[in-house]
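Structures are listed in the sections that come next.
Okay, so subunit A shows up in both of these, paired with subunit B first and subunit C after.
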Partner chain A sequence: MVVLRITVTLKKAVEDSEGSSVLKALRLLGYDNVREVRSGKVYFITLTKGSKKAGKEFCEKLLANPVINECVVDD
Partner chain B sequence: MNRDVKVAILTMEGTNNEEEAYLSFKHSDSSPEIVHLKKLENGTKKLGSYDIIFFPGGFSAGDYVRAGAVMAARIRSRLMKDLEKFVETGKPVMGSCNGFQVLVELALIPNLTKEYELEAALAPNMSNRFEARTVYLRVNRGNCLFLRGFRDGEIIKLPIAHSEGRFTPRDGNVLRKIIKNGMNVLSYVDDKGRLSGYPWNPNGSEHNIAGICNREGNVLGIMPHPERVFYNVTESDWTRHEWRPGMGYPFFMNAVQFLREKF
Partner chain C sequence: MVVLRITVTLKKAVEDSEGSSVLKALRLLGYDNVREVRSGKVYFITLTKGSKKAGKEFCEKLLANPVINECVVDD
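Then we have the complex of A and B:
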């Protein structure tokens, strides 16, 4: 079994409105030291066989739109 | 007797507005059919046997991954050649809201290079909220067949309801080409018809883009919902103006009339 961890985030250049909302909420809770929040999604995908290469394909074919997303595959 | 115009309204788990689209086409003198994606995948139905394809709004596959991404991936894996062929014949294809998201994920919009490469995305709204209300839109109809009944510069009102509608081009070059070619056929404006920021632009779209037509004018993707205001009486302010067809009416009638004229 291979478990891939695939993290999809918005590219730095793309405004992350969810991250901005979380940043604002944390500051309202009194955490003045929070400078930036970036949001994203993490997928844990279990394969019977395969490698990180399969994860890259998952990114290209479904999980990320390269116009706005970055997709990182870890195993 | 008028030629029968067959319309496929594509659905899958999570789409909605099929009924509104169905009735809009039915009352535009065509023969619509709500077609589940599975029937196209298993060959029970063929895209080529229809004259118009409509991608409805909603939350296909629960909007998981990204809005429209799962529906687009399913189409790309089994039906893309048929869909490309359909588009290349010049027959009308339209997507509203989630349908627009699917068209962008399929790279049918804007498709500047005609190579079906991803040139844009519909990112989460800048407000990080689900925006649901009526918006003002300025028409720049160009050669878009769906907008033939409108005047250039005309201001119309249509409802929106989405959380991922921020049109984001891949780069400045893509945006420049869209504008240069007049493909930005609908823009969010204020009540005076000026390009303005939030809340007039509900999602933070680049250049206030609300709708894009491909260069050939036969594929339209828009965030607003014309199918929800096919009838005057479903407009939010219908009691305040004289009777007339709904603002969404021309989108459907134009597609059907175009089809009869050209095919």
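Then we have the complex of A and C:
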């Protein structure tokens, strides 16, 4: 059994409005030491067999839009 | 400069409809080796100074609902 952690984020060049909102909110709460926030989605995928390579396929075929997203697979 | 990775997921007991949808979709794509999918949000927060402890505060004050969410901070 393998658990893959797949993180889908927006590419650096793409405006991340959720990240900006969180940044603003943290500043309003008084956290002046926060410089940047980037948001994303994470999927924990349990496989009966397989490897990181399968995770890359899941990104390409389902989870990420290659135009705007970056996809990182960890196990 | 520290970059915290904050992962917010639904607690195990809470129905994760996005995870279920992804599981169904992967099965339809022919991936029979996928057993479970859990989804969540991830935030990469850059601090000019501070530590993991700040991340826990961000969870409590802004990012997570303690009734349904789990929050994990990594640096």
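By definition in this document, the second predicted complex is superposed on the first by the 75 of 75 C-alpha atoms of A that agree within 3 Å, B and C clash if a C-alpha of one lies under 4 Å from a C-alpha of the other, contacts with A are read in each partner's own complex, and residues count from 1 in each chain.
Everything that follows uses one rule, which is that a residue touches a chain if its C-beta (ideal position, glycine included) is under 8 Å from a C-beta of that chain, and two chains touch if they have at least 3 such contacts.
The structure displayed is predicted, hence computed values, not measured ones.
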First (subunit B), second (subunit C), both or neither touched by A:V14: first
First (subunit B), second (subunit C), both or neither touched by A:L63: both
First (subunit B), second (subunit C), both or neither touched by A:G50: second
Which of subunit B and subunit C A:A25 touches, first, second, both or neither: second
Intersection of subunit A interface sets (partners subunit B, subunit C): 41, 61-63
Complex interface listing, subunit B residues touching subunit A: 65-66, 69-70, 73, 76-77, 105, 118-121, 123-128, 168-170, 204
In the complex with subunit A, residue positions of subunit C that touch it: 1, 7, 9, 19, 22, 25-26, 29, 31, 33-50, 54, 58, 61-63
Subunit B-facing residues of subunit A, complex: 10, 14-15, 17-18, 20-21, 41, 61-63, 65-69
